[in-house]
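In order of appearance the chains are A, B, C and D, and numbering begins at 1 in each one.
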Amino acid sequence: MRKYKAAILGATGMVGQKFIQMLSQHEWFKITSLAASERRIGKFYGDEVDWKVSANIPEEVKDIEMLPMDPKAIDADIVFSALPSDTARKVEGEFASHGFVVASNASAYRMEEDVPLVIPEVNPEHLALIEIQKKNRGWDGFIVTNPNCTAIMLVISLKPLMDLGLKNVKVATMQALSGAGYPGVPSLAITDNIIPFIKGEEDKVENEPLKLLGKFNGEKIEFAPISVSASCHRVPVIDGHTEAVWAGFDKDVSVEEVIEAFNSLRPLDLPTSPEKVIIVRKEPDRPQPRFDRDEGNGMSVSVGRIRKDSSSTIKYIVMGHNTVRGAAGASILNAELMIKEKLI
Amino acid sequence: MRKYKAAILGATGMVGQKFIQMLSQHEWFKITSLAASERRIGKFYGDEVDWKVSANIPEEVKDIEMLPMDPKAIDADIVFSALPSDTARKVEGEFASHGFVVASNASAYRMEEDVPLVIPEVNPEHLALIEIQKKNRGWDGFIVTNPNCTAIMLVISLKPLMDLGLKNVKVATMQALSGAGYPGVPSLAITDNIIPFIKGEEDKVENEPLKLLGKFNGEKIEFAPISVSASCHRVPVIDGHTEAVWAGFDKDVSVEEVIEAFNSLRPLDLPTSPEKVIIVRKEPDRPQPRFDRDEGNGMSVSVGRIRKDSSSTIKYIVMGHNTVRGAAGASILNAELMIKEKLI
Amino acid sequence: MRKYKAAILGATGMVGQKFIQMLSQHEWFKITSLAASERRIGKFYGDEVDWKVSANIPEEVKDIEMLPMDPKAIDADIVFSALPSDTARKVEGEFASHGFVVASNASAYRMEEDVPLVIPEVNPEHLALIEIQKKNRGWDGFIVTNPNCTAIMLVISLKPLMDLGLKNVKVATMQALSGAGYPGVPSLAITDNIIPFIKGEEDKVENEPLKLLGKFNGEKIEFAPISVSASCHRVPVIDGHTEAVWAGFDKDVSVEEVIEAFNSLRPLDLPTSPEKVIIVRKEPDRPQPRFDRDEGNGMSVSVGRIRKDSSSTIKYIVMGHNTVRGAAGASILNAELMIKEKLI
Amino acid sequence: MRKYKAAILGATGMVGQKFIQMLSQHEWFKITSLAASERRIGKFYGDEVDWKVSANIPEEVKDIEMLPMDPKAIDADIVFSALPSDTARKVEGEFASHGFVVASNASAYRMEEDVPLVIPEVNPEHLALIEIQKKNRGWDGFIVTNPNCTAIMLVISLKPLMDLGLKNVKVATMQALSGAGYPGVPSLAITDNIIPFIKGEEDKVENEPLKLLGKFNGEKIEFAPISVSASCHRVPVIDGHTEAVWAGFDKDVSVEEVIEAFNSLRPLDLPTSPEKVIIVRKEPDRPQPRFDRDEGNGMSVSVGRIRKDSSSTIKYIVMGHNTVRGAAGASILNAELMIKEKLI
């Protein structure tokens, strides 16, 4: 099989590095272009990056010369974006308007009416928005986004609960340090400490699920008729967001029904798909980020402590790897889905 | 003023050490007896304890000989109990039946109908149960308990909300390591990790508030007509329990009303009382355990991030020092209240 | 190739778990027996172990019934010992006397005159002691030991320096939590802290290298004519011992000579051998445990910051995975060497 | 007593905050001016600082307007400098030339021949360089410096050893996060990790002691005839540098002599002086940063594990609070000494 040429925008940051790590050994993609901010252009990636996701930078990217974030400078079949939101709005739009397929981890376009916000196992049919987006905007290319790193774990666990009559959700998060990028959270701020605040996070966690779990009616996404309330907190954990969930239903629901629902979410036949989308742990004290975040190469989401609150409310814990399933892996899985659906 | 003679049961554990630290410099109490388990009897406290709450053991307790947990062996005006729950049931009862006043941090008697479960600023009137307890049980002495270390922070913040029409509460906790005692949580279990489970904790956090916020009707406590649902988690923080709270009311409530209510909770005129019972932080990212746990010498509770969820639900964070306000300091404040009320 | 039957003594501890993890996917061995202390006998391994080295216990050991540590109860070609030193003395001797080959990670027999203390890349010829041991003790089997987890990293780095005229060594260690086993170091003891003491450790680090780097003269090991002085400290790191070394020579030595020597240490052709025994890092701030401990599947040792002190002293940092290269992996590599040398 | 007017240069950084914390409750000083970089001038300190050294900014500095680092803008009897080294060279010189007394924690002038590098308990007589400095440079004011935060702990412990015949020192450090300032070390870099490198540190630790322990011969400092070799490492500890020391003597020295020497170092009669300069711990596993760093309000240095290496070498651990005794407190103690010596 020929490999698709992949460019990465924002290649030196934490998520950019994770993209490189995952794509450098990917059977469908080869990394051909790395784009970064002005001051790095023309320099070698290996000299510029402060590599923090493993012991060694993959050899094949060390000597790649950094390119500007300009559609004319890039040759690629797909562009992965690890840009911060403000830069993303401008740059991703330019790439799409110049005919590129952009798989974006940035929040800039996620909630736009004509931009798919997709988790392949949850709402692949939302890719139908692509045609509408291209028409609306007169773009030759298009943008497909994946959710916020906290919202994605939650939504993967909520999807199978929709048929049980899910109505409202409360979620308290304990989010990993890598979610703040690098250098991110100072060690002096978080050692022997909790920071009960993450800027902009609660808004994303409360709103993205409504779109993700919504229905495409042929024209647009009708948001899911549920409410989500979030309280977001940073904890001294390297990778892996842990979330305590109260799921409220419109009727009595049993723990067994919930477990069965979780187990029913099927993986897709894509290279980055995990064998199990949701792993249900039965131990009283799992999932735990250090032990469970690498399940399914970081693409599985683990749940546990599924227990009854009131008759119509179930409590549980959901945990997943925030820079894999919650960022780079999410974009890559979206790209794989688009290839399978012949959209690339 | 003469000093009251204080005995400590379970003196070598984490909470026992905290009792010693707080009582060794207390203006009303002097430590006269330290009781511990069988194998330590007759040995010097300084030789037996693995002192972990500060640099040095207070000089005055180093050479105290450990006594058996036997009412006949102890001479004291008040007995502070830092015993584990199973031992507490038997030992505390024996002391009370032999005429001792027992201020207990253990959970054994907290939910007994005739035993006061008290936070001085919240429900001092519940001490009226003492007479009923003595009569019921034919005891010369009596037991007064303080709440679980997580429940107490929560309840101190809920008390002022009762008049606003509080109906239901959801709370997700991020609890400190010291709450598990010593040696407690292995470093290999919690480094770069979260443990989303604490045995028996959710039950206490869900039930104790109903009694604490209940009304004494002359015979017994009528539980408060609210519901509490908890999800409890251990985090890598030394001291200070952080709790994310959703407070649901029977009507629309504003953030300003809640702040005003928090500020209205008055300290008592007792030696261990903090200047402010509740400290309202206005910074977007506070309270944080490392910075706020020592406020009011560990006896103040800090709240922050008070924000509207839906019209009748308010979200906020509450945090307090679990071994001070949540354990030893709670018992000591109860003892001070009893002295003021001439119950000792 | 047929697989050798492997038994593990002390299978539920930290090192025992690491043995299981490494052997469960080993091409030469299959785990046939797991032995543990009295109270676990007859129970299933999966029910008894508090598995802490990865997300899931390997399926194939879950239902193994635990056996007594009795040579008559065990059927194996090789016995791996993860026992604590005191138990090891008695039990390992019994197994060897009953004809078993024991590859031991315990310290009990390491410094015995007729027991090989071996690192395959350093002193494979010391296996010649086996014959002497069997004759001396009248044993049908024999014991081969691997070094202390701190000594082994140091000695692997010192071996190539012997030819440069190494005379004396000072080493300050920063040792990982897993070195203390499970539960081991309490989180309350080590969070935001360093413990500058590890019981018995300095003695091992100062003495084992003299034997490891010594010469077998046909009868016994002549200790290497060098001196080692150690200061050992516990740090809040999960895995990976970091060691700051001063290597003093009998003549002027250059940084280049030292690097060349490090690079000259060749791996053996054994399944667990890493591609590089010593990895020389050129970055100014490496090696670091979190990033470098898994190099060579945990069997490579990383060095860095090689710099001149005085004309005849070189300073450097050496770091390796203490439960892999420093424990289970060390024993397994020894076993592989023995198979290759037809000693099993 | 009238209070001396104190200005702080670099008031918003970590050490600047520590200066404010210590001076805001000081009996001899009152804070009158806070100077900071260009962009902060004219703004209120309370609005600009990201206060990280305690729960609350001292009330009295909240509304101080930040001033430029310009001698003409500042009214003060003494100027405390918490500037980074490069800025310090220019700014401190300007202040001194304009008649100010500068007590500097910066490294810029420490090793200048005519600038005193002083620890009051170690080499107060070096203040005699002030006159030479003023003459040499034609300044009306002068600069007095305190050592690097790692060197100062070491030198306080070495001073009493000089009379025993100290010749050479090897020191391996485990340095706290606060030594790198704020934001300083990213949490992602140091969680579950050690960084075996601190830029420029080893050079300071190897050279400053020679000057500090040197003799003033009426004209200049004759460096002490000892050698120091350092290996410096960053560890996940908030405050408190731990150092493993090998002290080599020109003759046989006993542990008892060393302990006696440590105990003989007398505190000065100054407000910030601790009761004991060196605290000798007898426990096998002390000093530890979390438990011992606040001894003497952070001004005591703790030693322990004093043990014989070879006949003429003693090993021990020394630990002290790096932002108190190692930075702000060091400058303040120097200022107190200068007041006592009527140099201010």
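In this text, contacts are C-beta pairs under 8 Å (C-beta built on N, C-alpha and C of every residue); 3 or more make two chains touch, one makes a residue touch a chain.
The structure presented is a predicted model; accordingly, all values stated were derived computationally and were not measured.
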Study note, to complete from the structure: A student comparing B-C to B-D should find more C-beta pairs in contact for B-C
Study note, to complete from the structure: By Cα centroid distance, the chain farthest from chain B is C
**Study point:** Inter-chain centre distance, chain B versus chain C - centres from mean C-alpha coordinates, in Å
**Key:** 47
Point to revise | Rounded Å distance between chain B and chain D, as computed from the means of their C-alpha atoms | key: 41
Point to revise | Junction residues of chain A, two or more chains touched | key: 191-192, 236, 238, 291
Point to revise | Touching residues (chain side chain D, partner chain A) in the complex | key: 14, 52, 177-178, 182-192, 236, 238
**Study point:** Residues of chain D defined as touching chain B within the complex
**Key:** 54-55, 191-192, 291-292, 294-295
Practice item. Could you please specify the touching residues of chain D with respect to chain C in the complex? Key: 170, 172, 174, 191-197, 199, 227, 229, 231, 233, 235-238, 242, 244, 246, 284-291, 304-305, 309-310, 313, 315, 317, 319
